[in-house]
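Below you'll find the structure I mean.
Chain lettering (A, B, C and D) follows the sequence in which the chains are written, and residue indices restart at 1 in each chain.
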Amino acid sequence: MSTTQRAPVPRDRENDYTHEAAKTRREFLAEQTGTSLEHVSSYSFDPDLVQGNVEHFVGVSQVPIGIAGPLLVDGEHAKGEFYVPLATAEGTLVASYNRGMRLLHEAGGVKTTVMDDRMQRAPVFIFASAREARAFGEWLDEHFDDIKAAAETTTRSGKLLDIERYSAGRQLYTRFNYTTGDAAGQNMTGKATQAACHWILEQRTDIEHYLLEGAFATDKKSSQVNMLRTRGKRVVAEAVIPNALIESVMHASSELLFRARQVNNLGGFMAGVNNNGSHSANGITALFIATGQDAANVAESSAAFTYVELRENGDYYYSITIPALIVATYGGGTGLATQRECLELLGCYGAGKVRKFAEIVAATVLCGELSLGSAVVAEEWVHSHDLLGRNRPS
Amino acid sequence: MSTTQRAPVPRDRENDYTHEAAKTRREFLAEQTGTSLEHVSSYSFDPDLVQGNVEHFVGVSQVPIGIAGPLLVDGEHAKGEFYVPLATAEGTLVASYNRGMRLLHEAGGVKTTVMDDRMQRAPVFIFASAREARAFGEWLDEHFDDIKAAAETTTRSGKLLDIERYSAGRQLYTRFNYTTGDAAGQNMTGKATQAACHWILEQRTDIEHYLLEGAFATDKKSSQVNMLRTRGKRVVAEAVIPNALIESVMHASSELLFRARQVNNLGGFMAGVNNNGSHSANGITALFIATGQDAANVAESSAAFTYVELRENGDYYYSITIPALIVATYGGGTGLATQRECLELLGCYGAGKVRKFAEIVAATVLCGELSLGSAVVAEEWVHSHDLLGRNRPS
Amino acid sequence: MSTTQRAPVPRDRENDYTHEAAKTRREFLAEQTGTSLEHVSSYSFDPDLVQGNVEHFVGVSQVPIGIAGPLLVDGEHAKGEFYVPLATAEGTLVASYNRGMRLLHEAGGVKTTVMDDRMQRAPVFIFASAREARAFGEWLDEHFDDIKAAAETTTRSGKLLDIERYSAGRQLYTRFNYTTGDAAGQNMTGKATQAACHWILEQRTDIEHYLLEGAFATDKKSSQVNMLRTRGKRVVAEAVIPNALIESVMHASSELLFRARQVNNLGGFMAGVNNNGSHSANGITALFIATGQDAANVAESSAAFTYVELRENGDYYYSITIPALIVATYGGGTGLATQRECLELLGCYGAGKVRKFAEIVAATVLCGELSLGSAVVAEEWVHSHDLLGRNRPS
Amino acid sequence: MSTTQRAPVPRDRENDYTHEAAKTRREFLAEQTGTSLEHVSSYSFDPDLVQGNVEHFVGVSQVPIGIAGPLLVDGEHAKGEFYVPLATAEGTLVASYNRGMRLLHEAGGVKTTVMDDRMQRAPVFIFASAREARAFGEWLDEHFDDIKAAAETTTRSGKLLDIERYSAGRQLYTRFNYTTGDAAGQNMTGKATQAACHWILEQRTDIEHYLLEGAFATDKKSSQVNMLRTRGKRVVAEAVIPNALIESVMHASSELLFRARQVNNLGGFMAGVNNNGSHSANGITALFIATGQDAANVAESSAAFTYVELRENGDYYYSITIPALIVATYGGGTGLATQRECLELLGCYGAGKVRKFAEIVAATVLCGELSLGSAVVAEEWVHSHDLLGRNRPS
């Protein structure tokens, strides 16, 4: 189509992370498009800070932050009250999470547990036939210690836990599972697995092909395998909420909530959903953007399993399990200016904090589930009874 | 647990969207947590702007923006070259998309097509038994015009297209599908469907219960029903790339890419993935944050169908279909300071632009797929052949 | 490997459906393998009967039939009591269904409803690009009457209902949905759709390729699309069972059943199952083999949605929805000797009976679900309480 | 509804497995329904044989058996030529498999490999909160030897391999995986796991509830977890077929087949299918009915992963992986009269034969896939080119 000369984005080959370089690019864009990026140019840090985070830097997106809280957490790593920064432009989101936090605060807080912790890279190995693939699987078991040693030469904090295997045809798909300290670990596990694979390729001459990623880590995708086998943190948040509180704070009742949940569980199952809850992605995304997480991981982290019980005394037990919560308190965007401040606000910046942060995310999510769930029930279900003046039996 | 007095986040009941109110909250947080939000407080707009976007406003998350491009698009709405703002903290992301845009520019650009466009709200209706639910389904058909009229009283741009139905037990799950103009439309369709439901509830006395959301819209979740039946825009981006370009620009080949895709298609299918491509969520999320989209919709918008062909002359046909791309050029966060500038940079701010924007997103995604795919192949597959000095037959 | 001459199975080119031809083959097999098929040769009909049902006929598999019942059905087509023939070799299966039928008989019977009825063939059409595929989709709407006429030239009982469309890349996947009278209809819809496609191909010169089956009918496979959109009959069976009956007949309770169902619903959802119930495939398969249905369709027909309620008075509402029940009372194996007798036993042989039969299948399934569910609860859950002498709170 | 006296099926309490008892029931049915079961009564064995296989025995379903073959297998357990008995009433099924067997015979046979072998029972344990569930998971590891010992007290051939764990909320879902010798093993693993659970319940007082089946074994259902983690045998069948053979035997070509497969892989992926192949359930079901397998397991066994390659010389590599093939050569229906003969025909009756049988099933399936795939391509794709006289470019 267009035969005009392609005009690439200008770069300063000496040092591209300066106010000047950013300005040059903005001027170039103004020239090309007629649009000036005034607000985008209003950032409060030295561009040197974003080296390693972005290329062709021109400025920032300013995403509004609201504060919800206090969130009361009864975790193993997160204990006590937190004020949670949520970066979002969706009206009522902060208010809704805030309301849920008030409910759960009065109910005694949210109990949180990190059930598992594993980040993976998933190479696939291709052999002459299925038989060699099967033998290779056994060989991986026999040489696990060597493979682990090779992988761990590239990292101080990454530890190879195990190698899952899934066979099909002449392929052996694997998942190299690691703990990755306080980093999310996608890069760390990539390098470690590459090193492990090179060691493997030196030993085995019968591997016809290999790919570092055989689509079984499902990075930036939602998948059954990650929901079953965990990617990042598998975290549970749970609480028991007295019905009286649900009535006074939420203008709903545990019975209405429970009944609606039954109907929605079936709806979600039929719809083929990766999450039978309400909207965990809302809280997760807002927290991710505020704290420098990779928001593209919402693809994985939006999966959730909700399970509730209506107790005999009317109490409502509510749990949510996030099977693939990908978070970091070190590396990636966590050290950027505002992102670091938001992690610090939660007492979660830096080493040794990632499970604490994971617990806060899960507790936040639980509050949002109860809040939206109550709103739907209060406004709609009750509506059909009360406003329309009917008394329908169930 | 804690028995301390709960300290709620302070609000100014007169006007909470002022510099003062934000400052008061930051001071409160500093008192409570010892953390001061210096960078967060550095925003360049009047807080009045974020009314309707956030509650308990304290400042902003500054997310770095890099520019990739020019992206050459051969769409029905987007035509020509675009410089694409990507808000991200993931190093190499912008560079990778930029490289893919260079490849596709040289290949003549990306062809884009909006295949479908529908946003939904999904009420469920519960009857005495399945038989009444079935009859109600037929009644919906017979009264579609009235229902449509009731729904459209609440909106100028929303148009009710049809009502899908899914039955189970004594429930009838529905999907009220709308076009929503340039808004993403979740709120618009919520209000319209509520109005429609109230009209329905007035006519029918046999509805035992109803919920405005029966979990079939799968808002903020990934689902089969949305991948099949579309949520937001269903967009295809496609291109034919000569092998010579893949070799010169990407240091890979169409044959290697094709072979790797076969292996990854199977891997993804086994893994139960919502996307058999590479990493579309990366580009989508970065564009969403830059332009004021709701990044929580990455949960839905991360789904994708990739389909490729290795042509006889070595050309590589590559298509990606995004079945649930939720975008807006009006409403939500699109009018915020930096977000609006980024939309303007693309010529996509305001009315009549949403399909153009959807096409740009899809074209961007295609460039990223080819770039990462090539990188994996170039670095890994070739590596095993060349660096290790083996010449393995396939 | 083997270089021996390939010895094909002998056929009689004049008439292969005779006792002689069958005997010749059995002798051939005895020669080749040393195995004589004594019992297999003991069939009670003229081999001429199986023409059109099997090739290289040698005899029969004798599958034991047990009778469960009376099954009390409150359907629209099936009304009253039925004695249900179940062909199976799995011990306790008949007894278990029989027990469930007793429970439901005492509870007043099973209410059944056929919610939908559609069999499909799913051609895919491939175009130069997505844009032509989209235009073709609109063209299908505009020419629906002509397409329907072309399809229906090949069949008296098949009626084309609509053409669903699913786009990806430059492909347009379709589902041609038909009602098919009393036949299951896979062949009928195949021929009709082929005729329709030939008419289409005559009109359109822009179709690069077409396949009569684009994998969207998912014949002999389980799929989300069939669970959502129906294949064959979508049938609901439901009942309300007083707790007293559950206690006296099943030695369980509605509360225990309900609680176990909650836990299993979550388990099934996590496991990625096509059926959140217990074992509907057992009853369906046994009925299918007895009555000459195609048991390979258990792949589709095993899908199910279970939904239960624990009512305030302790009653247990139980419904099961079978979204892809593929049945016939005409054609296929329904006219074979024993198969026809079993259909006659149910009053379901021949024209105008297929919905009656579908209702009986669904009612049977419901009985089996309650029976196995109760057994698990009675033996295990209670066991852990009573036998082990603990009184655990829930 | 009906208030008539319920007339239960008559039983002989002394010995219900006699010609007399069967006849009494048939007479009862004739009285109740007016239908006489002449052909059903024509069975060739002593009813005593079906004790443990069926209750309320009245006779048999006579399912026609056709023979396909010779099937040439290059397995580790099955080696050489086999004549395969297929019990079916679907016309052309035997002919189609037979044709595929001819193709693969000429191509040198089907290579088969049993990749994994594990049958499971899946109890769920419920605790006060997620934290105790996590601790219990670790306890299972520490006490694996004791648990294994307890489980294996109930069986000679069952061996506990490992205990998989999947957590959600306060539940720990497990999968107790066993090898089960030549039996399918559902009952064996049920008893063994029950014994193991009783031992566990004696040790642990913190288990609030437990269910022997938490819906993670997905017996008689299709599921992602079984497709990923295997249920029964995971078997691969693969072959390389020269294009010349495909042309001469099938009137298709490797290129056409490959292209159609690409389109169908995408169709199946979008449709959310449990099998991206053609119709493996057809061959599996027919073999299951002939040989006394539990045909209800077609629900699980219908899952499959197809993977193909078009080699540079035009050869077509085709593999199919059946991840949950549930088969037995001992127990269940395998000892019945005709069923045993059919197993003997394959040299697969009795101890030590189950993997041989699994390989024969998988090889049969592969032949059917190529046959149907070729038919579709030959009749439809070529049709659109040749008959309609167009020469469309791809």
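The working rule: a contact is a pair of C-beta atoms (placed from the backbone, for glycine too) under 8 Å apart; a residue touches a chain by one contact, two chains touch by 3 or more.
Only a predicted model underlies this, so the values are computations on that prediction, with no experimental measurement involved.
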{"item": "Of A-C and A-D, pair with higher C-beta contact tally", "value": "A-D"}
{"item": "Intercentroid distance (Cα basis), subunit D paired with subunit C, Å", "value": "16"}
{"item": "Inter-centroid spacing, subunit D versus subunit A (mean Cα positions, whole Å)", "value": "38"}
{"item": "Whole-Å gap between the CA centroids of subunit A and subunit C", "value": "40"}
{"item": "Sites on subunit B at which at least two other chains make contact", "value": "166, 168-169, 171, 224-225, 228, 265-266, 268, 270-272, 276, 305, 307, 394"}
{"item": "Pairwise touch network: line, ring, star, complete, or other", "value": "complete"}
{"item": "Sites on subunit A touched by subunit C in the complex", "value": "224, 227-228, 262, 265-266, 268-272, 276, 305, 307, 309, 311-312, 394"}
{"item": "Partner subunit B, residues of subunit C touching it in the complex", "value": "76, 111, 113, 115-116, 129-131, 133-134, 166-171, 224-225, 228, 234, 236, 238, 272, 305, 307, 319-321, 323"}
